[in-house]
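Take a look at the structures listed below.
You will see chain A twice below: alongside chain B first, and alongside chain C after that.
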Partner chain A sequence: MAEQTVFTPLPGTFYRRATPDSPPFVEVGAQVTSDTVIGLIEVMKQFSELTAGVAGTVSAFLVEDGDPVEPGQIVATLDCQ
Partner chain B sequence: MSQAIKKLLVANRGEIAVRIIRAAKALGIPTVAACSEADVDSMAARLADEVQVLGPARADRSYLNTQALLDALQASGANAVHPGYGFLSENADFADAVQAAGAIWVGPSGQTIRRMGDKAEARRTAQEAGVPVVPGSPGELQDVQAALAAAESVGYPLLIKASAGGGGRGIRLAQNAQELAEEFPRAQREAQAAFGNGGVYLERFIRQARHIEVQVLGDGQHAVHLFERECSLQRRRQKIFEEAPSPVLNPAQREALCGSAVRLTEALGYKGAGTLEYLFDDVSGEFFFIEMNTRIQVEHPISEMITGIDLVQAMLRIAGGEPLGLKQSDIVLQGAALEMRLNAEDPARDFFPSPGLVEQLSWPQGEGVRVDSHLFAGYRVPPYYDSLLAKLIVHGSDRNQALARAREAVAATILTGMVTTLPLHAELLEQPWLQSAAFNTGTLETWLAERRSGEK
Partner chain C sequence: MIKVLKPGLATSVQDLGREGYYHLGIPPSGALDQYALSAANCLVGNPAGAAALECTLLGPELEFTVDALVAVSGAHMAARLDGVQMPHDTAFAVCAGQVLRFDFPKIGARTYIAVAGGIDVPLVLGSRSTYALGALGGYQGRRLAAGDELPIGEPSGQGKVGASLPMALRQALGGEIELRVVPGLYYDRLLPTAAKSFFAEPWTVGSEADRIGYRFKGGSALQFQPREQPFGAGSDPSNIVDSCYPIGSIQVPAGLEPIVLHRDAVSGGYAMIGTVISADLDLIGQMQPNQKAHFVEVSLEDALLARQHYKKKLKRMSELFLS
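Presenting the complex of A and B:
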């Protein structure tokens, strides 16, 4: 199994859920497709969806919900076949 | 009774924090910049006498964290809080908490903020003060018969609005009685499905509305106005370009509009700077109160430019217990002023944010030019907050001179390192409809849409 990384192209704040009361978009272990939304990046009050980019299984999140991120920073890793 | 401000905590960031610190310095008041970890190297933190760090970058953990702010207030020994705009500036509970902590809130009381923050209550207060509001049904309507009866006094065209809606959602247009009869049940069903509440009411639809607002100052007893601002050029309800005075009001309309604002401000016993927003109907010449902002606004400098009054200093004096010291007859309308908001947004990418590092920076200079900004060369604009970078403000003896100075100011501005809305302003200033002031609240979005399709 090859490991792929999901990185953010944008700086801002990373969120794993749509609202503070929502469940996370995906949990570790979830199967995702390239279009699956795994989080949001808030930059200057605008929200952009972050998608997995490839199909696979979420193996880890490297950024906590609500943490600041820099462009190019790895947010999550996926196991891909 | 009156308690002078001995040290001021600035509970905000960006250009308005800088603006407040400058006003305090002019009055000899020491300042404390209350800022997030992301803003410890900001212009406000550099200019203030002291810095109190509130918490992490995220606004809910810093600028919106009331406990962190109250802790900073106590730790710094400041005896007053200026909230600026946005963040906690219209949070009545925070205003109350500051006063409960024995400090001065630079703004109206929590009670006044609460009263004007409640739309129905604000509308009632305005009506009692004899200020016209947008004609509407007295409350929710149960069925088509009730709606048709209420429409007789509201007038057509009208909007059917969901009580639980907001931000432009849950609204239907009816041009006449037949359309109202058809649309009313649909609006009820839609409101029930979308908001879980089928309550709807009627409101007159103003086809060509301008957004015109009146700047007021009150000391709790007396109030004055500083004339009006024309803020019709908006995108997604965000103002981009403002001017003062409105280029379309005649003197009688101006007196009626601004006079109504003073009546409402005095009826409230209002203390501080405030703004009353109105819709102005270009066709009929009628104006209708919509809401009051109980704080300083982004575009306050254009009111300062046409009156020579420093609004932020006035706020601090009033909060410190001084009387207004101004009569309406002391305030004279001088010339015309324009404000262009410079944002870290890319107009070519649907105004997507573009934070970054300020590389080269040079602001315009010359007579009638003012720049309110927190930028400096080498400053990294953080991605966590609003995208406003600067306000280019120009004043002229008349609107044409102000427009000419605006073009020069835009052309003379050098800001590299990020994409900004500066080129958009250069383009806007060339538009005949802007030069002739032939616009309403829909004009900017229509122009932007045409511009986009023209590029394709």
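Presenting the complex of A and C:
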């Protein structure tokens, strides 16, 4: 199993859910494809979707819901075949 | 022509802006980092104020349909031409059919892409700058979208491949920023403790920061002197009846989070506690969300001196490349 990282290209605030009342987009252990949305980055009053980028299993989130992020920061790790 | 394959987060056509219409509610707009815009233009042989692309936080993906001379200045986003990294602050040749892409910003917030001949959108009130709130200027009065086709003007012929900005003329970006402030018309309405903490404490750029204004967080709330609010002003002591704001003006709605207005600013009804000096406005445009700043009090004389130095540096740069 190779580990892959998902990083944010944008600075801003990271969210794991679409609204405060929604369930998280994905949980640790979830199977994702490269197009699966794993979170949102809020910056300049816009929300940009962060996708997994590769297929695999979410192994960890390194950033909490609502935390500030900087460009290039690793947000999550994936186990890939 | 340049085809926009992907627009990036907020890419727009900007030049040095349109002066003279703010009293009618039309702010100057133009590049938030005027120095970086000028540098990119000079490197490709354009007049410093030619129209170029301002790319904020996430760069666009552009396909050139003609050969062109291009330079990238401002935020470091690693420009890649068909995958090959191009040097920063240096003119490079693009062949018809090639695609220019960008990495995430390592430092700074706004990258400027200049093309020899400039982006040839129509002049509106004397400028090609985009004022998106007013749907005015630039490319159809808005930020770029996928599928847009940008016309390129006639190159001056003065640009050369490999022309590079000397180190002494490059900007230092990133880190903790000092923003010099001239106290404003309503500064004396702050309680002395608030005036002190405003300058003493570090502030952090909020994620809402855009071309209209930069919101700062993390410092103590600022209390205003109590007073009976005049007729027409809101009930909060941070409100005034109405005023024109200078670009760089600092308001603190409800005393909570200072907002520094920038080149797409509105006018309004908040007390202006100070103004960031013109020589430091470029620095604001290069601040990323979550970056830290200190406000430093300076006199009007210091501000004017700093403006002189800034203008000299700009002049030196344009003389170096445009004879």
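Assume the second predicted complex is superposed on the first by the 81 of 81 C-alpha atoms of A that agree within 3 Å, B and C clash if a C-alpha of one lies under 4 Å from a C-alpha of the other, contacts with A are read in each partner's own complex, and residues count from 1 in each chain.
Here is the rule we go by: contacts are C-beta pairs under 8 Å (C-beta built on N, C-alpha and C of every residue); 3 or more make two chains touch, one makes a residue touch a chain.
Here the structure is a predicted model, which is why all the values come from computation and not from measurement.
Trainee: Clash or fit: chain B against chain C, after overlaying the two structures on chain A?
Mentor: Verdict on chain A: clash between chain B and chain C.
Trainee: After lining up the shared chain so the two structures overlap, which partner does A:Met44 touch, if you call chain B first and chain C second: first, second, both or neither?
Mentor: In the superposition, A:Met44 contacts both chain B and chain C.
Trainee: A:Gly66 contacts which: chain B (first), chain C (second), both, neither?
Mentor: In the superposition, A:Gly66 contacts chain B only.
Trainee: Regarding the shared-chain residue A:Leu10, is it in contact with chain B (first), chain C (second), both, or neither?
Mentor: both
Trainee: Which chain, chain B or chain C, is in touch with more residues of chain A?
Mentor: C
Trainee: Counting only touches as set out at the top, which of chain B and chain C does A:Ala18 meet: first, second, both, neither?
Mentor: neither
Trainee: Please state which segment of chain C collides with chain B in the superposed model; the candidates are 97-105, 133-141 or 313-321.
Mentor: The one stretch of chain C in steric conflict with chain B is 133-141.
Trainee: Residues of chain A that sit at the chain B interface in one complex and at the chain C interface in the other, please.
Mentor: Common interface on chain A, chain B vs chain C: 10-13, 42-46, 68.
Trainee: If you look only at chain A, which of its residues touch chain C in the complex?
Mentor: That would be residues 7-13, 42-46, 48, 68-72 of chain A.
Trainee: Using the touch definition up top, name the residues of chain C that touch chain A in the complex.
Mentor: Going through chain C, the ones touching chain A are 9-10, 56-58, 103-106, 207-210, 288-290.
Trainee: Going by the contact rule set out above, which residues of chain B touch chain A in the complex?
Mentor: 38, 56-58, 344-345, 352-353, 355, 383-387
Trainee: In their shared complex, at which residues does chain A touch chain B?
Mentor: 10-13, 42-46, 66, 68
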